[in-house]
Every structure is written in structure tokens, then in C-alpha cells.
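Okay, so here's the structure we're looking at.
Every chain is named by a letter (A, B, C and D) in the order it is written, and numbering of its residues begins at 1.
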Amino acid sequence: MAQLNWGMIGGGEGSQIGPAHRLGALADGHFKLAAGALDHRADVGRAYAQRLGVAADRAYGDWREMLAGEKARADRVDLVTVATPNATHFEITKAFLEAGFHVLCEKPMTVTVEEGEEIVRIAAKTGKICAVNYCYSAYPMVRQARAMVRAGDIGRVRLVVTNFSHGHHGDATDADNPRVRWRYDPAMAGVSGQFADCGIHALHMASFVCDDQVEKLSADFASTIASRVLEDDAMVNFRMSKGTVGRLWTSSVAIGRQHGFDFQVFGETGGLRWASEQPNQLIYTPVGGRTQIIEKGEGGLYEEAKRLSRVAIAHPEGFPLAVANIYCELADAIRGTARDGLPTAADGARSMAAVHSAVASAKAGGAWVDARPPMFR
Amino acid sequence: MAQLNWGMIGGGEGSQIGPAHRLGALADGHFKLAAGALDHRADVGRAYAQRLGVAADRAYGDWREMLAGEKARADRVDLVTVATPNATHFEITKAFLEAGFHVLCEKPMTVTVEEGEEIVRIAAKTGKICAVNYCYSAYPMVRQARAMVRAGDIGRVRLVVTNFSHGHHGDATDADNPRVRWRYDPAMAGVSGQFADCGIHALHMASFVCDDQVEKLSADFASTIASRVLEDDAMVNFRMSKGTVGRLWTSSVAIGRQHGFDFQVFGETGGLRWASEQPNQLIYTPVGGRTQIIEKGEGGLYEEAKRLSRVAIAHPEGFPLAVANIYCELADAIRGTARDGLPTAADGARSMAAVHSAVASAKAGGAWVDARPPMFR
Amino acid sequence: MAQLNWGMIGGGEGSQIGPAHRLGALADGHFKLAAGALDHRADVGRAYAQRLGVAADRAYGDWREMLAGEKARADRVDLVTVATPNATHFEITKAFLEAGFHVLCEKPMTVTVEEGEEIVRIAAKTGKICAVNYCYSAYPMVRQARAMVRAGDIGRVRLVVTNFSHGHHGDATDADNPRVRWRYDPAMAGVSGQFADCGIHALHMASFVCDDQVEKLSADFASTIASRVLEDDAMVNFRMSKGTVGRLWTSSVAIGRQHGFDFQVFGETGGLRWASEQPNQLIYTPVGGRTQIIEKGEGGLYEEAKRLSRVAIAHPEGFPLAVANIYCELADAIRGTARDGLPTAADGARSMAAVHSAVASAKAGGAWVDARPPMFR
Amino acid sequence: MAQLNWGMIGGGEGSQIGPAHRLGALADGHFKLAAGALDHRADVGRAYAQRLGVAADRAYGDWREMLAGEKARADRVDLVTVATPNATHFEITKAFLEAGFHVLCEKPMTVTVEEGEEIVRIAAKTGKICAVNYCYSAYPMVRQARAMVRAGDIGRVRLVVTNFSHGHHGDATDADNPRVRWRYDPAMAGVSGQFADCGIHALHMASFVCDDQVEKLSADFASTIASRVLEDDAMVNFRMSKGTVGRLWTSSVAIGRQHGFDFQVFGETGGLRWASEQPNQLIYTPVGGRTQIIEKGEGGLYEEAKRLSRVAIAHPEGFPLAVANIYCELADAIRGTARDGLPTAADGARSMAAVHSAVASAKAGGAWVDARPPMFR
């Protein structure tokens, strides 16, 4: 099976997300890094790409140069990853899709709901894959949870509770730290802080595991540090299309929680629990029965959990390999084996609609509002 | 130190709460069971009381008989525990307070807010102790948490998150079980199901640990099992008088959670976490520092944590001894050493106001409403 | 059911074990404290006993006075607890048994194996109960484990692994602390330090849960702090009469372990795990199946687990109530309902034999030696 | 930085260890798979290598062919990984070292102690790197533990306790499973079963973290399933050169333990604990202080922990990336930046000596024996 050619935009030296994408793309041998426009400083980006093994003529100064260059090649890249600042995702993703490239876009896919819908339409029209990096959904045991829900193992889902809370922005004396400050500044982050940053991972997860979509929501936002305009703590109640009740808490001031992303799903005949800090176990309780620990790698897992795991039971696999699983799914999709769980532009558009709806609800004192993009109503 | 005389109303043979009260009252030797009206069937109650060592003339057939009998005695009981069905708490508590007895009332103290306020006024007027059994607040490590908050160890409190969720009413096929059904039937349980049953423990806990009071709230109630009129799942957002943001989730359909009562408190300089299933540890993280495990019994705890623990570090103490701690505080208070943490009629009244406010908010689509009893506005 | 009269020797004010025994004896209402010789200082002991509600004429100055006084009474105590310094256990236990009293003796029951065997013979001859306070065996979930083993739920037991390790004597600068020092001084503690102090709890637990007896052992002792003569860390390998392989580690220098007493039992068809810091859960894995959490209070537990629990599922019960369970069993036994799990003089004698055998083995470079008292060979 | 050329022997399609090595070598981009002799069936191996992207002329039929082919090339592989059946490790490793290749050998490096010593001598003579895949030692938090010990953060080490126990061979009805059976058959596995398979990982870990070497040991081996000749459960007590006491338990019949590899190190001023199923946390308790959770990725870690981690705090990294860390260290070493923690031939030789010593000790009833290879005495 020949390796696929992969190109990356953004994710330059010192970025946090770059290494995760490179490890994710390379780990299983599906992709080789063939082209890149890695830095907003053209020279720096070209040099870094070459240090990573990209040929000089494919180490580009910016994404437009890369688009032009790759379009002209017979061996053009099979997949482009967009890991640039949030405000640029829409423009770049649009351009590459329209030029016939498959794209993996970092979240949030766009800034507005309208842009989100436009990407959905472009992807449909061009027939190209547009994936969004909701990588947590690619953990094997998250896939197992979804498969169990789909198979009816816990009956109709009554309730889903999900949190994504950490305390890494809880130090008010750290308020000038530019890595933190921009997230709560509307000029840079848009309409929402913590909900747009982490909450949408949790909301996507709720939809993903329940195999359902959020219809309406009610939000309570708080800025617990005086200098912040945007929320650093949010609670969102929601309802899904099949009637499931949802609860979502997200916070960046929960000092002591390191990476508190978890979910609980409760159905008529059982409950499931998972936490991102122990991603290799899924906790299952049948109604009236004992709590059981389902282990990644055990016998009898559903196919989609089995497929995305590499090493034996109780040998932990972590976050970088969840990202790698997204790339495995992409490789399959590019090679023609469509996979069902890959997060796509529709998920990206739904997330943006939820962000704008939650902002509106919070401003209206928690009023219930439609959470769907107009195109999906 | 002479033992105090204790009387009990309700809590007869086979009741769930009776043994916890008896163990709580007897364990530390402060009280002896001197009188009782233990069952709504007079004969059964008299016989059971005598089997528990109560003299025949103080084994009463009902609470009115007990009130008359004890009032007439020189060695009248020092404390009466009211552990009867909820709807009778108000009448019995009122009568005993007015007759000059100290009372420990099971929660909920009353059915209406007005009754709650009346008990507060009677207790003030008579000078008698009226305690309410929010026993979780008497765990040593809960007291440690409160002492840390008061001492400023985590700075101003920004956020409190508390849950009381279990799955023991999650089996819809069990809907005819009378132990479960009445809780969701307005004719028997009043205006609220799960929030009134478990949620108010969590709300009291938030107030207790933050040393603050809830001012307003917004609620989302759900009945996830079709046959239920009252909610079996609720989310309540709230704000406290010092500005603290609050989040409270309570559920009885969270299959797999056994006794999921926990809290997290996040302040300017640190965070605290506690869970009732591991009650002997308090998890503390200073901002920018490492998470630490504070153990019941370790050196350097605050006095109020130290005082309510009996055995050495890491020898677990559990729920019955938390109830016993309430009795220890009552014994101290009766003997004249007022203790600061004992939950009182004011807490009972605040709980009823919160229940009625949450019901109103949920009906109004999550509108923010005042959560305080009128007398405390 | 009339209360039983209880007398206590030792356990005076400020002692660690006294409160646990009083709470244990009183909690369930089976016993009342009727007599006591609580302190080696006669006046102090008499005064303290009266403060605890003992009548003046039964507040004794020493155990001989108590023995004489109680023998002469028609309402003599039904049970005597011996909680004096270790070296005196034999003499006092012997005297009370021979005078026709039931006795609960703190561990270690004796200093020598010969004394242990003598107590066994006296108990047999007099027909009086001589229990030894291996209280951990009275936790409900320990009883559940034993019942499962007996019922064959894990098949023939291949392997038992048990630890009792803590770090509370790990501070060498604390070496002059008299509460610590005596334990490693042969003049005061006898032939063994940590193994005799904590290890025998673990060894009793292995026998108890496996429903079997230790036949032979091989020991490795270490004094990791230079000033100590006796061991503060020990490893003991053993074999039981039915062929089970055993491993036991005990330490008092395991800094960070608070009360690291746990066991694991592995049979042909399953494994069980329990830890004293989470005593209300028993972890069970059937061979080839998923790990399950068995909760105290869940439906379907074995009778002996059910009987020794007081409050509902997931309401934790802790160490003092395990001691109380020993008193419940004693009350039953005194009233004529013999219980099967109560630790007796035979267990006390076996412990002493194991201590002396382990000392001999460690001195002989780990040679395998018979671990049984001569009378049980 | 140019990529290094990597060759692999063994680890063909369907093998368990192959994917872990490929992911480990490729993940960080240091190596590309340039050559391979992946299967004992020449055709199958050649085909599979080409599917993995190896050029046809470097897809070899066996290791001898590969040795000849690569020796003749200017662009010969920089590193050879030996992942063949245990009995062949010595011969292949020896041959490639002598031909001037760097080698990473799977454990056990050899079958006999003499062979182990020979590899040590050859590596020294040729100046080539011979690493052994004790990959658990490359977890960031294991490196942090070692760095803390070296820095004196827990004082002189008194005691190390390490376990590697699982239950995956606990099903006696599975005895004919060839994946299990060979491990307990001397004809295929040599002198030791579980200790040679898993125990030596734990023994290496003890040495690694304590930065010390085992001098002598005493072993107790058991075959808990009748049909097994070699041990499936072992306890090894040991002493290290600086006086540290060691305890090591390893089992393959511990049903319910999935991958129970852990260590505890106790020094004069603190204790450390780590478990391979939660590899991203290190638990630290200073003497007299509170237990703290040290998180991978937190500020202030020692350089060698920081260096081997890729993603932010509380984003878990798992087993495959620990293997990848070995390849990072190898890449550094090959490029001339010697790293201190890489496990080498000396570790491999010490392991073989420990295995043979433990077998001898167990046969001699637990007698203490020298655990060192003659060359290191």
C-alpha cells in the first residue's frame, strides 16, 4: 500500500498542535510529509519544513504559494491539514477544497455559522473530504461506547452528561500571559471563550456517543476573573433530537482539574462512563447489575474499537494516537474505504451554531434557543 | 459527664433511617435512648421501643402521647429526633419546640416555605435548638474544606460545583415499586422529586463549604421516565451572595453511580474536591502547584476537622459516624458549648425556598428567580 | 433483648485503641459499659471510668481488683475486653477465662507460642469464648470474599497476596519518639517489630479469606533504619494446607502509604481484591471476563456480608464499625447464636507461631520452616 | 536533520511486537524503514516489507541475507532492531554488532549469562550501540522518578518494591493455547517462565529508578497450574549495592490484574509510586508531608522527563510512545548526543544473570545467591 502524500499548513516550530499532527500522520506509516507552509514567516517556515524532510520546492512560504504549487503537480498532496490561527481556517479550507484537495481542519472550523454552512456545501459539491479534528472521538473506547449505544446495549438514551473542565487559566496573576489572554478577548477569540475552546469538544462528544444531534440549548456563562470579557466557565443544558436530556459543564478556572474531559451516558438499561485521563477504560453498568470495567484490547469489543487500537490490553494508548486514529480514518477514506465515525464539516458547522446559540441564550438569561445551523433545521 | 436523654419519633423496625440515628446517637456515649414513639402502629412502636431498652412508660404509641408524657417528667428527654414521613415534620417539630424540647428534624424540615419560616421563628423565640440532619456536612473532611475556605486558603471562591446523582431509580420496570414511585408523585412528594430528595443536600453542602448563601437560581428539570410527573434529573445554576457561581446536578437515573455526592470548590488561589464515597480524603490543589491529598487524621488539620474524627489516619470513618457527629455537636450545644457548623432551621427554610424557586424556574424555561425565603431577603 | 454488661481493662484516656472499642461495643446497643480498670494509675482509671458512666463500685483500680469484684457479683460483666500493653495480655486473659468470663483480647494475644497454646486449652476447658481482635476480618466485604471462596466462586485458590504497609515510622529523625521506638526494641516488643505489629493482621486475613491455614513459611526481614534492632520491613512467603501459595509484605517505612492493608486472592476461575482504605468495595474478576465492582449493600450478597452492614449501598462504613462487628458477633455468641467467622484463641496462637517461625527463618537466610503451633501440627 | 535508515529483523505481519517497534521508530520522524527481514518465511517477509514501503532490493529473505546486503551498501542502515524469537537474539545481535551496525535487541538479549557477557564485550570492542528494549524505563515519569532519586529528593533509598503481575495465563483450560504454553515449557522458554518474561522488566526498573545494581537475591518460584514445569508466579527478595532492600513479585495467574507493572521507592525523606496503567502520573510523598501527584507535562520537571514527552499536561501518552522514546534516545546516540538512560547490553547481561540466579535460589529453598554476571562482580 503506497504511502499518501501529506501537506501541512501552520503547526510550525514551537506550536503545540504541530507535533501532535505530525506524530498522528506519521505513526502508522500511512502518510509522508511531502509539502508544508508551516509558519507565517515565510523563511522560517521554509527552513523548518526542509528540516522535517520536505523537498526544497515543496517547502512553501505561505498557503497561497502552496496551493498554487501543489495544484500544478502530478504528485500533489493527497491531504492538507489546516492548523493555522482560528480566523484563517475558513478561507484556507475553502480554497483547498475548491481546488480538489482533501482537508483536515483544526477546530473551530470557522468563525460564523454561515461560513460553516458554506464549507458543508463546498465539500458536498466537490466530493472532497473535509474532516474536523475532534480527535477525542477517535479513542478506541469512545468508539466502543458509541457502538454500544448504537447496538442498543444501554437502551434508549435518557441522559448524557459531559464536562471539559481544567484549571490552567485559573491564575489571575497570569492574566497578561498572551497564551491565555487572547482567549477571553472578543477581538481575538470571537463571541465565546471557554465554550468555543473546549466546550464544543464536549458537545461533539455528546452527539457522537449518543449518535444524535443537539436541537436546543440553554446556557449560563460566567467570567469569574474580572478582567475577562468572555466566559471562562459555562453550563449548557440541551435536548437532542431523540429526546435525550443533556448537561455540559466547561471551565478553565477549575484549579486542580488537569484535563477534565469526560462523559456519562445513561440509558434505559445501562450507563457508560469515560474520562480522557484514563482513556483506555470504559465503565459500564447494566441496570440492576454490577459496574464492569471494559478494557481497550479485551476480547469481544466492537469492530470500530478494535480497529483503532495498536497494542495489547492494558498497554495504554494516549492522546497522540487518538489523533493518529483520525489520520488512519482519513487514509482509509482517501483510499476509498469510507468510515462512519470521521468528524466532518457538518460537525464543524453544528459546533459553530451551538456556540452562537449558547452566547445568545446566556445573554437572554438562559432562554432555550435552537442550537442547529439553519441548514439542518 | 452525665449521658443525655434522647427520644425518637419514627424510625421504627425496618426503616432505613432509624438505625443510622440510633447508631449516631449511641456511638459516642453522649445519649441514651430514654423515650420513643417509633411506629405509626402504636402497639408495634411500643413493643419495639421496649426491645431497644426504653422503659415501658416511655414507650409511647404516638408523638402526641410522647409530648404529653415527656412534658410531665422531671427527667424529660433532652433531645427529640423527628424521623417520620416528610409531611409530618412541621407539625411535630413545631409542637416539641414550643413545649421546650430541643429537636433534630430529618430533612426536608417542612413542605412549604412559610412553614420553614415559622420553625425558624419558633426556634428563635423559644431559644431551643432546632437542627436539621444535613449529616454530610459533618464529615471531618467537609469541615476541613469549610475551614480552609474560611481561612482564605483558596482565596475568594469563584465557583462551586456539586452533584448528587445516583441510578437507583433508573429501572423503569421497577416503576411500581412503592419505595420508588411515591417520590415522583406530587400527591405524595409535593412539588419536586429528585431535587427535593437529594439536590437539597448538595445545595446545603455548597452553602456550607463556601460559608455563603444562595441568592438566585435557574433550573432545568427533566422526567426521563415517562410515567413520572416529578423530575428525576435536574440541573440548577445559582449565584451566591458573595458572587460565587454555582452548578448543581442531581439525578436518580444515573445508572452506575452509586452514591455520587461530591463537590468541587474553586477559588482564586486553589481548588478543593471531595466525594462522599471516599469521605476521608480531601483533594487540594494550590494554583500553579501540585494536587495534594489531605487525609483525615493527618497532622495540622483545622480544629473542626480534628474534633469530629475518632480513629487514626487512613482508618476510614463512614456515613454512620457523620450522623454521629451531628449528635456530638448537638450534645455539645445542649451542654452549652455552641458549635458553629450545626445545620439549623434556617438551613431547612432555605432549602424549602430553593426547592420552590427551582420548580418555578424550571416551569418558566430556566428563568432566574430569587432562591431565598422572604425572611432572608 | 436485654443489653449485655461489658467491662474493659486498659484503653484509658488518650489511648488509641480505647475509643475504637467503646464505639464498637456501644454502637449497636448490644453492650453497656458496666465495669472498667482503665489505667495503670488506679486513681486516674477509676475517675475516667466514672466519667464514662461506670458506677463507682465497678470503677476499679487494676485488673485484679476488677476480677475479684466482678466474680463476686450476680450481675457480673458478660464480656471483658483486654486492651492493656502486649506483655500483660496472657496473664489477664488467662485469669478471666479461668474465672468464667468471656474475653476479647487485643492482638497479639500472647508473647510466646506456649502461652498461646495454653489460652487455647483454657478456652476449650472452660467453654468460654476467647476472641482476638482481628477486626479487619469483620468488614462486610471481607466476609463476602470469604463466602465467595467457600462457595467456590473463584475455584480452588492458587495464590493469595497480602500487604500491610505504611510509612508512619519512616522518619528517622523521629527515632526518639517513644510511641515509635519501643516497637523496634526487643526489650519492649519481643522478637519481632513490624511483622508482629501489622504483618499478623495480614497473615490472619490470608487464612481467613482463603478459609485455610498457613503450614510453612520463608521470611526476609530488614531494619532499614540503622538504630533499629527489630525489623521495620518484612517479606514472608508461605504455603497453606490446601497448597495455596502466599506472599505477604509488611513495612512501616513505606512513606506515602497511609494504611496499606490489602489482599488479592487468585483462584482457578477468578480473582478478588480488597483494600482497607476502600473497604466497601470488593473487586472481582471471573477468568476470561470483565472486572466487576461488588458494593457493600448491593442485592445478592452472601448472608454473612449482609448481616454485618448497617446502611444502604455506597454509604461508606469504616473501621470503627468493623470493630463494632466483632462486638456484634460476640453478642450473638454470648447469647447462644454461634457465628463462624469470629477470630479466636486458635488464631491468636497461630499468629504467635508464625511470628516466631518468621524470625527463625529470617535468621536462617530465608529457610522454609513450619509455621504452625505444635498443637496444630 | 536527515532521517536515519532503519532496518528490522522479525516483527512480521501479525506479530505483537512489530507494530510497536514500527510506530516507535516512525512516530517522531527520526527513522525511516529502509530494510527488513521480517519473517522466517522468506517470501512472506519480502512481500510484507515491500508493502511497508521498503525497496525491493532491501526486502530480505532472512537476516544473513540482510547482513550481507546492508554491509555492501554505502547507505547501509544506521540501526537494526532484532525482534525475532528469543533463542536467536544472541546470534543476530552479535553478527550485526561485529559488522559495525548499531543494534536494538528485544529482551531477553540472550539465553545464557555467558552470551550476555560476550555481547557486552563485543559492544565495547566495536564501539557500537547495543540497546535492549526495556521500554518501560523510557516513560517520562519513570525518568522523573530516577532524576528525583539521583537528585536526592527522597534521600538514601531504603526500599524498592516492584511488581509485574497479570492474569492472562490464569485460565488452565487455555493450557493448550500455543501462545501461552511455550512460556512454561523448558524446551522452548529455557530455565524460567514468568520471571524471565516479565520479572526482568521489574528488576531492570528497580535498578533503573534506584540508579543502583542488584547484588544478591533469594527467590520463591511456584507453578500454580499443574501442567506447567516453569514458574508462573515468583517472589524475589534482593539487596542492591548501596544497601537498598528489594521486593519483586511477578505473576501470570493474577486474574483481574491486566498489566500490573508498578514500583514503589522509599527513601529517608520521601516515597515515590508509579504504575504502568497510569503512566502519566508519579505519586510523591515527602516524609511527614502530604501525598502529591506529579503530572507529566507540569512545570518544573527534570529535564529528562520533559525531553521525552510530546503533548501538554494531562494529555496521556502511552506504551507505544515509551517505545518511541527508546528510538529517540537511539537517534540522539547515533547522532552523537549520548543519553544516560538508554538500557544497554550491560542491562541485558545483568538480567540473564538474575534469571539464572533466581532459578538456582528457588531450587535451593530460597538461599541467597549472587545475582551479578561474573564480569560485574
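Rule of thumb we're sticking to: a contact is a pair of C-beta atoms (placed from the backbone, for glycine too) under 8 Å apart; a residue touches a chain by one contact, two chains touch by 3 or more.
Everything numeric in this text was worked out from a predicted model, so none of it was measured.
Visitor: Which chains, if any, touch subunit A and subunit B both?
Guide: Both-contact set = C, D.
Visitor: Any idea if subunit A and subunit D meet via the same residues, over half in common, or different ones?
Guide: Since more than half of the residue numbers are used by both chains, the interface counts as same.
Visitor: Overlay subunit C and subunit D by their C-alpha atoms and let me know the rotation angle in degrees, rounded to the nearest 5.
Guide: Between subunit C and subunit D, the superposition angle is 180 degrees.
Visitor: Mind checking the centre-to-centre distance between subunit C and subunit D? Centres are C-alpha means, answer in whole Å.
Guide: 42
Visitor: Averaging only over C-alpha atoms, locate the centres of subunit B and subunit C and give their separation in whole Å.
Guide: 35
Visitor: Just give me the whole-number Å value for how far the CA centre of subunit B lies from that of subunit D.
Guide: Inter-chain centre distance comes to 55 Å.
Visitor: Could you check subunit C for residues that touch two or more other chains and list them?
Guide: 288, 291, 295
Visitor: Can you tell me which positions in subunit A touch subunit B when the two form their complex?
Guide: 154, 158-159, 161, 167, 170-172, 218, 220, 222, 224-225, 233, 235, 237, 245, 247, 249, 251, 253-257, 264, 266-268, 270-273, 283-288, 291, 365-368
Visitor: Would you mind writing out the residues of subunit A in touch with subunit C in their complex?
Guide: By the definition above, subunit A touches subunit C via 288, 290-295, 298-299.
Visitor: For subunit B, which residues count as touching subunit C in their complex?
Guide: 1-3, 16, 19-20, 22-23, 26-29, 33, 51-53, 166, 168, 258-259, 276-280, 295, 310-321
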